[in-house]
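Please find the structures below.
Two complexes follow with chain A in common, the first pairing it with chain B and the second with chain C.
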Partner chain A sequence: MSGRGFIGITAAVFRKDTSSELRTRYALNALFLFTVTTLSIILFSFQSATVPTQVHAGLLWVLIFFAAMSGLSRAFITEEDRGTILLLKLSTISTPVFYGKLLFNVLLLLALTTVLTVLYALVVPGFAVEGLWTLCTALFLGTVGLASASTIIGALIAKANARGTLYPVLSFPIVLPLLLTVIRATTTAMENPSWGAASGEYRVLLSYIVVINAASYLVFDFIWKD
Partner chain B sequence: MHNIAISARDLRKDFNRMPVFSGVSFDLGRGETLAVSGRNGSGKSTLLKIVASLLSPTSGTVSMIADGSPVPGRFMFRHIGMVAPYLQVYEEFTALENLSIIDRIRGGSHTAADYERLLSMVSLGKRKHDHVRTFSSGMKQRLKYALAWMERPALLLLDEPRTNLDAEGIAMMLTLFEDQRREGMVIIATNEQEDVDICASRISLGYDGAAKGGGS
Partner chain C sequence: MKVFQIILGLWLTAVIVCAYVFPIVPEITGWYQYPVIPGLEEKARILFFHVPLAWTSVVGFLVSVFFAVRYLRAKKLDDDIRSSSAAGLGLLFCALTTLTGAIWAKFSWGSFWNWDPRETSIFVLLLIYGAYFALRSSIQEDEKRATLAAVYAIIAGVTMPFLMFVMPRIIESLHPDPIINTKGKVSMNSTMLVVFLSSLAGFTGLFFWIYSLKVRLARLESGRSTEGA
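Let's turn to the complex of A and B:
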């Protein structure tokens, strides 16, 4: 690869997507509105009810999952809708585009997860965490896994007509193992102060990230071509 | 610019098992030009996309030779510039930013002065800091020419090259065509007789999906 090389081109795609998002706010607006409405609904429905830790962990990840579904698919869909994907295809090979967009999605979802979790802890009664580092590790690994899955699924469905339906339908079986594991790790963080208490879950999450990224690397070139 | 030749052999494209065209073959070398004409839906744009490696043919091959060595299909884009109505630029960025973003993504190392020279060439110098969303469709078309010309590609693909251009824009396009013809290759997909006439060879995609004529 000439000139800047793979990392430079990946960084260029990432910078382009970040600047574009800061100017258009396609994903940011969708994520912000989703966060405000869903947290309000949870707050109104809970009122002063006592909720088990598993329900808190599940609800938090339902919020993060649907926020990811509403915002992250746009990385490829907006390029396809606006016709700029052809400009990218005439400018570089597939791999740096994929990793530039993946990096953008990971950082966007990490920011969203942080804001969502802090807001959830502040406004929803009964959300107490015993193991802060366990929670941070679970949130980080879960977010990276979810962003990785969302990016490749977003690329897969970008050319489809019924994207709205296809995205959650395709995503559900792919992210189910991730969601089950990360909910278990989050529940552990709420009940057990020891970081090592969720070590089995960390290993599963790390394996998930490796597998989904290896599969994405192999598949994306075919998606990119036609 | 590398010494590059491109060759298409017996290209066929089907959509939903319906043939769009078949039997398209041509060879182009440095200094050669080809016009692709045909009615609406005959596959002119599809053929250009296949040559640009943006689409796979149902059968047949497109090969490129650079300085005597074959160019792998996934790297052919490096030698190709394209202007087409369906190829869009980033409207949330300025004209200057579009050039710099695409240059960085291509791994290029052009300077701000290079970008400004390109924008002046397409008469967008005074609007270089304006967002593309404020541009007319003709100005966007000029920006596409600047992007396609930035790397001085060996092969320039022009799909309906006069689209949205005024008389001055068409003169700019013809100057660029002449420059490209001297050092590289041009393929134009068009139904304008003036564009067909400026090309040395012609392929006509017919009603029955079969191609007539061919490159040199």
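Let's turn to the complex of A and C:
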């Protein structure tokens, strides 16, 4: 591995995680069932009531947040549990490992968000979108930001005890600014057809992504070497 | 240290007396009078306590982040003691801010809690403190606990500006509730401003006094636990 560059190691870690996920399908199966379960709960509780658009935007992001909380912590926890973390530490340097895992988490959450949103739009009555591109931009930026924050918290939590309960507790205050902004952008997408209507929100989301990734880059070394 | 305590005690007593005794009048005739702030009237007096408390809880957070960074650079456990002591005090002041803010909101806006942007940011600060201590209590080894807590404090620290500065700007456009802070400062006269700033200084002094006590106590406790082991 030492012969590879930064990008080479990142790609190798990403390939390793992807192929191990595709072999076991642990996260994929669990997340798919999670989606089906939560959507059916929403359908049962709505019955035939009509709900305002803001509730739809909020509910969609509640679903995505908790799906991320149940699926994304595994990237680092599995390394600890299988004991492979020592080998990984021996064979590579720290930062590319983080970016490999981040890439994996971003793609996993993007796929999940796509499936969730399409299912939500198909199944839940009253979910109508005016600005499709606004929705896509908001979902994309929100997902990348959420995955970035979840990855660094996931790395942190892998070293602690009582991980399952601690993970959402630690993540929630960190991602709350992101969630509030992205819910507003999603609401705008459902009411306003113009793409530029949520430009302020895009800027906040983008700067959030930059800030959280810069901080992760700076502190990941300390978590990894501990 | 003794002199500092005595001065601090006298200072805060003076602030409390000034805050409650000086009359609020529509026409200012003497140096000791406060102007009427429309919409606040007598309720303006809580300004002298609520805002310094909020300020102090943020100072506690910043001190905690500062020593978290120092811990990661030098790996001295004493910095972790300082960081967690500041966070503990920050939590106390944050809870008091939430409480006084809720009381104020009840009498100003009619309900204890209405998700004003400022209320949201203080609520998230409370959550961050809670999560920080939940993380600390879940790890046994000292070094590991110190490192992970420091990392969490830093990550929380970099996302705070979004809540403090960005969210109020964005949400304001939807909810035109007056944000008390800007409104209050505009209509303060010089007497009010002097008492307010003295209160700010007094509470900051109070914070650092309790903080030094807490750090000394934590050092003694950590020394005792290593001797016992």
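Odds and ends about this structure:
As a working rule, the second predicted complex is superposed on the first by the 224 of 226 C-alpha atoms of A that agree within 3 Å, B and C clash if a C-alpha of one lies under 4 Å from a C-alpha of the other, contacts with A are read in each partner's own complex, and residues count from 1 in each chain.
Going forward, a contact is a pair of C-beta atoms (placed from the backbone, for glycine too) under 8 Å apart; a residue touches a chain by one contact, two chains touch by 3 or more.
Note that the coordinates shown come from a computational prediction; the quantities given were computed from them, not determined experimentally.
Judged by the touch definition given at the top, the superposed model places A:Leu176 against chain C, while chain B stays out of reach.
Contact with chain C, but none with chain B, is seen for A:Arg184 once the two complexes are overlaid on the shared chain.
Touched by chain B in one complex and by chain C in the other are residues 226 of chain A. Considering their complex, residues 152-153, 156, 159-162, 166, 169-170, 172-174, 176-178, 180-181, 184, 200-201, 204, 207-208, 211-212, 214-216, 218-219, 222-223, 226 of chain A touch chain C. By the touch criterion stated above, chain C contacts chain A in their complex at residues 72, 120, 124, 127-128, 130-131, 134-135, 138-140, 143-144, 147-148, 150-152, 154-156, 158-159, 162-163, 166-167, 170-171.
Residues of chain B that touch chain A in their complex: 52-56, 74-75, 77-78, 80-82, 84, 86-93, 101-102, 104-109, 147.
The touching residues of chain A, counted against chain B in their complex, run 1-5, 8-9, 12-13, 15-16, 19-20, 23-24, 82-84, 86-94, 96, 221, 225-226.
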